[in-house]
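Heads up, the next two complexes both have chain A, just with different partners, chain B and then chain C.
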Partner chain A sequence: MVMEIVCPAGTPASLRAAVKAGAHTVYCGFADETNARNFPGLNFDRTEMRDGIAFAHSHGAKVLVAINTFARAGSEPLWHRAIANAESAGADAVILADLGLLAHAASHHPGLRRHLSVQAAAANADMINFYARTFGVKRVVLPRVLSVAEIAAINAETEVETEVFVFGGLCVMAEGRCSLSSYATGQSPNMQGVCSPASHVDYHDDAGALSAKLGGYTIHRVTKGEPAPYPTLCKGCFKADQSTGHQFEDPVSLNAEKLIPQLFKAGVTALKIEGRQRSRAYVAQVVRNFRAAVDAQAAGLPLPEGMLASLTEGQAATAGAYKKTWR
Partner chain B sequence: MPDPSLHLPLCPRLPASALRWLPLVPVSLALTDFARRLAKRHPAMFRRLGGYAQARFILDPTDLPVSMLLEPRGGAPRVHVSRRKLQGDARIAGPLAGLLGMVHGAYDGDALFFSRDLVVEGDTAAVLALRNAIDDAELDLSAEAQAMSGPLSAPVKRLITLTEARTGVALSRHEEDYGW
Partner chain C sequence: MQLTVGPNPFFWKPEAWSGLYDALASAPVQRIVLGELVCSKRLPFYQDRIPAAIETLQAAGKGVAVSSLALITLKRERKLSAELVETGVEVEINDLSMLAYLPQGMAFSVGPLVNVYNEGTLAWLAARGATSICLPPELPLEPVRTLARAGRDLGVAIEVWGHGRVPLAISGRCYHARLHGRTKDNCQFACENDPDGLDVATLDGQDFLAMNGVQTLSDSFACSDHQIEILQEAGVSRLRLSPQTGDFAAICALYRDRIDGKIKRGQIAAALQTRYPGIRLSDGFLTGACGAEWSGASAQS
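And then the complex of A and B:
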C-alpha cells in the first residue's frame, strides 16, 4: 500500500504544480480568515477553488479545504459559508478544528467528509475517538509533539485515519494553543489565520547583518552570511538569565523522510507537507521528492536520497518529536 | 529546481557595465510598455495583489548598477530605472538571477531568504503579496518578449536561449513536468 502524500497549495498555480509533481492529495484554503495561512496574495477565491478541484480530480488527485481557524463570535456565518462553498466546489473533505464548526458541518453537510485539523491538538486516542463518535471525523492530523511510538499507540486504539507532518515548518507548542504571535501583534494563527503577520514584520539590513522586528520587538539578528529564520517569536533569539540564544526552538525545519518506513509500520495513513505560504517551486520539488519516497517504500526499495536541504528554514532539519531525545 | 545554495550566477560584467552609460529613460519606457502588455495578459495578478496594487516596489538587482521602481498602479504599471537610490514602500534586493528565477518558478523565495540571497526591507506584507501574485501568474518573460517581437520573434528566441545557456539565469518559465 502506498502512503498518501498530502501537499500544500497557496495558489492555483501551486495546486497545479503539486498535482503534476505527483501529489495524491492537495490542501488549500479560501482567501480569508477561515484558514490558518491567511497571508497577503495567498489562497483561493470561490471560482479558483472550483477550478482547482476540477483540475485535481481530472488528474486523479483529491483536494482538502482547510477551514481550520476558530470562528469569531458573531461572525460564524463567514465560516459556515466557507464549509458550504467547499462542498459545492466539490472538495473531498474539509479540515476543521473548531468544535462548533465540526457540529455545524456534521449536521448541515453530512455528506462532506470531515478531517480534524492539527489546530485541534488531538494527541491521544480517547480524544480522537470522541471526535469520531460525536462529529463523524474520519481522519485526524496529529500535532507535531508525538513520537513514532506514541503515534503507533494511538493507531492501535482508533479506527480514525492518522495524518502526520513530514516536512516543513515546526511549531514548538501544541497547535491551536499558541498565543506568542498574538502577544506581539494582536493576531494569531488560531483566530486570524496568521502567525507573525507580515504587516507587523520589519526587516533591516545593516551592512549584511539582518535584524527582524515583530510588532516592534527585535526578535533576532543574524550576521552576514548566517542563515535567516522566519520572523516568529518561537524562533527568536533572546537573553534569559546568563544565556543568549533560541530559548524556545531552534530555527530548523522538520524533515522526517527517513522515518517513512517507521511511520508506515506505526499505522499512519497519510504524510503531510507543510508550506502553503511557499512558492510553486518549493511545492514541486518537495512533492516530487516525497512521492518518490512513498513509492519506493511501497515497492520495498531503499528510500532515495533527499535533496531538500536548501529549502529548509535555517538550512537545517530535524526529525522533531518523532525522535524525542529531550524528555 | 536549481539549488540556490550552490551560488546564484551573477550578471556578466559586460552587460552590467553597459547599464552604467546607457540612457535610462528609454529603458524605463520600454520596461513600462512591457509591464503594461503583461498586465493586459495577466489581470488576475493585479487582483491577487489586492490592497497592495498601489504599493511602490524597489527591485534592486545587486549585480547591476541600477535599480527599478515598480508601481503596479492597479493594473496600469509603471517602471522607472535609476542609478540613484530610489524611494518606495518596500525593497527586494538580490542577484538578478534570483529575482528572475523567482518570477519563473525556478527558485523558492523563502529559500532565497533563508540563504540570505534575498533581502527584503520596508512593507513586508506588500512584498509577500507581490511574490505570491507573481508566483501564481506563471509568467514567462521570454515568451512574452517573443510575442511582442513580431517578425523578430525567432531571432529573439535564439538570443534568449543563448543568453540563458551562457549565464545560467532563468530567463524563461521553469515548466513543471508531470512527475507521474
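And then the complex of A and C:
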C-alpha cells in the first residue's frame, strides 16, 4: 500500500502544481477567517474552489477543504456556509476542529466526509474514538506532540485513519490551544486563522545588528549579513534564568522524511506537508520528493536521501516530537 | 457575580499546596477547582492531600470541582482521567478527552483550556451535561457578551478569566527541563523552584512570558478591575481567579469587595501594585488591541 501524500495549496496555481507533481490529495481553504492560513493573497474563492476540485478530480487526486478555525460567536453562519460550499464544490472531505462545527456538519451534511484537524489536538485514542463515535470522523490529523511509538499505539486502538505532518512549519505547542500570538498581536490562530502575523513584524537596524520584533517584542537579533529568521513567537530568542536562547524551539522546520518507513509500520495512512503560504515551485518540489519516497517505500526500495535539506527553514531541520527526546 | 478559584497551575511544596486551600476555606469565594492541570508527574507529591482539602472546603460551604489535565496523552494519564469521574466530585474538563470518560447524563463543568468560541459549541456541551463554562481567556468582550446570553438561555453559568497569569499554551515538551538541558522524562522537577512560573524576557529585557513546565503563561497578571461592571452587564455570572504565591485569599477578598461596591474601580490594581511591587497587569484580551495591554497603564507607572 502506498502512503497518501497530502499537499498544501494556497492558490489555484499551487493546487495544479501539486496535482501535476504527483500529490494524491491536496488541502486548501476559502479566502476568509474560516481557515487557519488566512494570509493576504492566499486561498480560494468559491469559483476557484469548484474549478480546483474539478481539476484535481480529473487527474485522480482528492481535495480536502480546511475549515479549521473556531467559529466566532455571533457569526457562525459564515463557517456553516463554508461547509455547505465545500460540499457543493465537490470536496472529498472537510477538515474541522470546532466541536460546534463538527456537530453542525454531522447533522446537516451527513454525506460529507469529516476529518479532524490538527487544531483539535486529539492526542490520544480515547479522544479520537470519541470524535469517531459522536461525529463520524473518519480521519484525524495528529498533533505534533506525539512520538512514533505513541502514534503506533494510537493506531492499534482506533479504526480512524491517521494523518501526520512530515514536512514544513512545526508547531511546538499543542495546536489549536495556543494564544501566544494574540497575547502579543491580538491576532490568533483559533480566531483569525493567523499566527505571528507579518503585519506586526518590524525589523530594526541597530549598531550593525538586525533585530526582529513581533508586536513590539524583540525576539531575534542577528549580525548584519546573517540570515534573519521570521519572528514566529515560539521560535524566538528569549532570556530566562540568566540564559539567552531559543527557550521553546530553535528556528527549525520539520523534516520526517527518514521516518517514513517507521510511520508506515506505525499504521499511518497519510503524510501531510505544511505550507499553504509557500510558492508553487516549493510545493511542486516537496511533493515530487515525497511522492518518490512513498513510492520507493511501497516498492520496498531504499528511500532517496537528503532530498529536501535545502528547502527547510534556515537550513535546519528536526524530526520534532517523533523522537521522544525532543520533549 | 460569583468567584471561582481555578486549579493552581504551578508546582508547590505539599505544605504550601494545603495552606492555599486552608486559607480559601474562609475566603469570600463560592467555587474552588483543585487538582493537577499541567503535569501528571507532579500529582504524586500532593495527591494524598486532595481528599482532606475537598472535605475542608465542602465543610466551609464551598462548591468544589476537580480539574482534569490540560493535555492527556500517556496511558497512565488516560487511566487517571477515567478515574477522575468516579471520585463523586464535580469534574472540570480541561481537555476534551474527558468527554470519552464522562458518563452520559453526568453534570460537569468546562475549564478555560477547552475551546468554547461560539454558541454551537456551547449548546452541544450544554446538551452533553455542562452546567458551567469558563471561556477561553483570549476571547474579547463582544463574543463574551454573545456567549453569556446563550449560556443564560441554556442554563449554563458563564465564567470569565478574571485574575492571574494567563495560560497561553500547552506543549508536549517541558521548557523547564529544556532550560536545564534535560528531557521531560528526566526532568528532575526543574519547575519546583518557580512557584509563580519562571520569567521569560525578550532580548531587550522586556518581561513577556512565564514558563511553567509544559505550560507557557503570560508574564503579566490578568486583572479585570476595569471590566467588572461591563462583565456584570454582559451577564457573566462568575469570575475566575487563578492562584499565585503570597496572600491569595486577600486577592480574592479584593475582587469580592470590588464586585460588592465596597471599593472602587482601580483599587484592586492599586492594592496589587502595593502588595506585589513591580507586578505587571493586563486586561487586553477583554478590551485591548492585544492580550498584553493594560487599560490602567497610568496607574502602573
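Definition applied: the second predicted complex is superposed on the first by the 314 of 327 C-alpha atoms of A that agree within 3 Å, B and C clash if a C-alpha of one lies under 4 Å from a C-alpha of the other, contacts with A are read in each partner's own complex, and residues count from 1 in each chain.
In this text, a residue touches a chain if its C-beta (ideal position, glycine included) is under 8 Å from a C-beta of that chain, and two chains touch if they have at least 3 such contacts.
Please read these numbers as outputs of a predicted model, since none were measured by experiment.
Chemist: Given the superposition on chain A, which partner contacts more residues in chain A: chain B or chain C?
Modeler: For chain A, the partner with the higher number of touched residues is C.
Chemist: First (chain B), second (chain C), both or neither: which does A:14 touch?
Modeler: first
Chemist: According to the stated criteria, A:215 is in contact with first (chain B), second (chain C), both, or neither; which is it?
Modeler: Only chain C; A:215 stays clear of chain B.
Chemist: Between chain B (first) and chain C (second), which does A:265 come into contact with in this model arrangement: first, second, both, or neither?
Modeler: neither
Chemist: Applying the touch criterion given at the start, work out whether A:98 contacts chain B, chain C, both or neither, answering first, second, both or neither.
Modeler: Once the two structures are laid over each other on A, A:98 reaches chain C alone.
Chemist: Can A:321 be said to touch chain B (first), chain C (second), both, or neither?
Modeler: second
Chemist: So, A:277: does it touch chain B (first), chain C (second), both, or neither?
Modeler: first
Chemist: Tell me which partner A:229 touches in the superposition: chain B (first), chain C (second), both or neither.
Modeler: A:229 contacts chain B only, not chain C.
Chemist: State the interface residues of chain C toward chain A in the complex, per the touch definition above.
Modeler: 70-73, 75, 77-78, 82, 95-97, 99-101, 113, 115, 117-125, 136-138, 142-143, 146-147, 150, 166-175, 177-179, 183-185, 198-206, 208-209, 211, 216, 218, 284-285, 288-292
Chemist: Could you please specify the touching residues of chain A with respect to chain B in the complex?
Modeler: Against chain B, chain A makes touches at 10-14, 16-17, 20-22, 39-42, 197-199, 201-205, 210, 222, 224-229, 231, 277-282, 284-285, 287-288, 291, 307, 309-315.
Chemist: Show me the residue ranges of chain A that touch chain C in the complex, using the header's touch definition.
Modeler: The touching residues are 70-74, 76, 97-101, 103-104, 120-124, 126-127, 129-130, 134, 143-146, 150, 153, 172-174, 176-180, 182-186, 188, 190-191, 211, 215, 217-221, 234, 236-241, 243-244, 247-249, 321, 324-327.
Chemist: Which residues, counting only chain B, touch chain A once they are in their complex?
Modeler: Residues 1, 3-5, 48-50, 52, 93, 102, 105-111, 113-116, 119-121, 123-133, 135-138, 174, 176-180.
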